[in-house]
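What follows is a set of notes on a single structure, which appears directly below.
Letters A, B and C mark the chains as written, and numbering starts fresh at 1 in each.
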């Protein structure tokens, strides 16, 4: 540090400024990209009838948006608050069955009953929170698995909803004319809603409190955060768009049965997508959902539908946990942050050295 | 005397449950790894037993002599590949849950691809025969499984309390730093313990292969069962695993005869859920912390 | 050749900054050293970097002239250097006797182990009475005796002890320190870390003062005790931290 000249300081300052503008420009580009994707998704159904693979593409998009909604919601609890759950698809089955039963027995449109399903899911979320949030860390994960399995066993044996055999939903009247487009918009609303909710939380004081809980719950409590209440609210909020997605997924399948919603694989996918994309980030879960569905489709295309998908999911989860525990977005963010911090520190150091030398 | 019949049937399965649970609890006790993939290793051994029987006609009980060493080596290998890397992760236990969950998916998918989803069951002659003692009906397969389990558990106790390796395992379980400073090679002890735990999973898989039908996804039926046994006894406590296994297997047998086989798994789900909420340290263990 | 020699040892945890920075030190056989310094000076970290629980980032740790910086704790122990951490690190579910026997884990000859056990029990008679009691149920002072007895079971040439008086009543602590002071008569070199400067320096022959990860003072214990710079260091640090670090006040 002995040979630091004022010129060196200038050079480092300029480098920092360059890096800061570059980061700002990148952020602007990303924001434009997000807007473009949103507009593209809104407009996509207009292409109906223009190309032969439309039905396939819209189906894949519905699945991606469903998992975007579910992974983003899962992330409120698993990422922001640090409570990893492997039972969040319980909320999905609630949305699906409330809407499905109302459709079968009362002919209510899912676009109305979705709100009932969401309301019930939120209530269940609060109850679930009141009971299970006494545990934390690994105990919470295991309790959530137990909850999933109990729910599955009960629904499988509940005669009123036809148990494990499940029940068919009537084909909606608009189907011949509109195809999957209404379901597409239902799922789009879930995806936008969930990402919007996550974005809102991430920028709020509530989100800050959740992060504090994830970091160190005891310290958060000492700092005056009512951790129990915040966790329960977070769990209830995370139920909303999972139930919403469940409603339209049931409707898309035209068939309800517990195994379609309450499988361990779906619980795993929510966690996997969030972790791959970046736990605790807003952009991570959608990116994770997109990538995992892409890989799944690719593997189906290459090897046919098989258990291989499961093996691939497992491998991705292991590789990410071992080598990129922060996920894609988390790793990129922390790299950018570290770079800027290093440059700033370099400017300060040279500044000090120059002052001392003078 | 029907209750006696149920009690006996429950206790006989309890032996196999205890072997499964002891491996899981050993792995947690020494390394603080919650191994969600434990049941996939059980299935792996069950398939190995199945093919040894089907292709070479090896008696399933004898094939324990093969599944134990094979699964031991698999366990040591898996440990060395997966766990040293996350050793210093701040939320180690939680990371192990996710990591072994990924491993379970990987193994389930691979087994599904390799062995197809067909139900399998190893069918030695004693799989369907039984002894009749008075009014008491004793299936031969279950009785043999119980005897083998008891022998395995005694061998495990002898290993832990009678050998140098056992001493280093117990020392590492009780206090890892202390073990390190008295000269225990902790890394090697952990790799060996993981291998032993997986070898026990292998032994129980061989026994299950002629007691219950299995297919690649059926490990999810066993995950909550094992977790319930181990959490009830207290994670990391071998005595707890034994008590939990015998206790819950009897309760499950009574639930089965009272409410039918459909609701039998609920015993384990509910037990697991309630213990975690009410007494997470179980009977003899320490509470689960991140 | 000195028994143990540190050359510019630098160490820290994970990716965090260095805790100790370029420490040099020489340990002679059957000599005792007390390492003192304010909180955060890096005293415990130094011991951990020597015994292999932590590997130095830079510098060398030479035992009999051989660099042991990359060895595992058990390998270092086998060369005669043992460490007693401040949390006492017992095996709580084992009996006192089993705990002591674990100290001779690296020794395979049963007769040798029995002889060493006899000597340890002679030194700590109370442990003979409690031999079949679980170690987790002992009082703090008795636990400290078990840990020291276990360390002797290893027949070390160097014992490093981190804050043996932690959580002990003053008269119990005095007794522990008298025992430790006697180790040099058995030909064992002692490296002691202690918060209580007076008590620590009284129990040792030499003193080494660390501050912010660097060695700032070294010499015969009695001289260090009266050195004005020591006083300055503690008072200065105290003034800086205002009421913050009450612990240092124990000096």
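Everything that follows uses one rule, which is that contacts are C-beta pairs under 8 Å (C-beta built on N, C-alpha and C of every residue); 3 or more make two chains touch, one makes a residue touch a chain.
Everything quoted here is computed from the prediction, not taken from an experiment.
**Student:** Name the chain whose C-alpha centroid is most distant from the C-alpha centroid of chain C.
**Tutor:** Farthest chain from chain C, going by C-alpha centroids: A.
**Student:** Taking the mean of all protein CA atoms as the centre, name the chain whose own CA mean is closest to it.
**Tutor:** Per-chain C-alpha centroids compared to the overall one single out B.
**Student:** From the mean C-alpha coordinate of chain B to that of chain C, what's the distance rounded to whole Å?
**Tutor:** The separation of the two C-alpha centroids amounts to 42 Å.
**Student:** Could you work out how far the Cα centre of chain A sits from that of chain B, in whole Å?
**Tutor:** Here chain A and chain B have centroids separated by 34 Å.
**Student:** Centroid from C-alpha atoms only, then distance chain A to chain C, rounded to Å. What do you get?
**Tutor:** Here the centre of chain C sits 51 Å away from the centre of chain A.
**Student:** Two-or-more-chain contact residues of chain C, please, as numbers and ranges.
**Tutor:** Expected reply: no residues.
**Student:** Sort out for me which residues of chain C touch chain B in the complex.
**Tutor:** 14, 51, 53, 72-74, 77-78, 82-85, 87, 89-94, 102-103, 105-106, 108, 150, 154
**Student:** Spell out the part of chain B that touches chain C in their complex, as residue ranges.
**Tutor:** My answer: residues 88, 164, 167-168, 170-171, 174-175, 177-187.
**Student:** What residues of chain B sit close enough to touch chain A in their complex?
**Tutor:** It is residues 34, 82, 85-86, 89, 91, 93-99, 101-113, 117, 216, 220, 223-224, 227, 231, 262-263, 265-266, 269-270, 272-273, 276-277, 280, 287-290 of chain B that touch chain A.
**Student:** Looking at the complex, which residues from chain A come into contact with chain B?
**Tutor:** The contact residues of chain A facing chain B are 84, 86, 131-132, 134-139, 141-143, 145-147, 149-150, 153, 157, 264-265, 268, 271-272, 275, 306-318, 321-322, 325.
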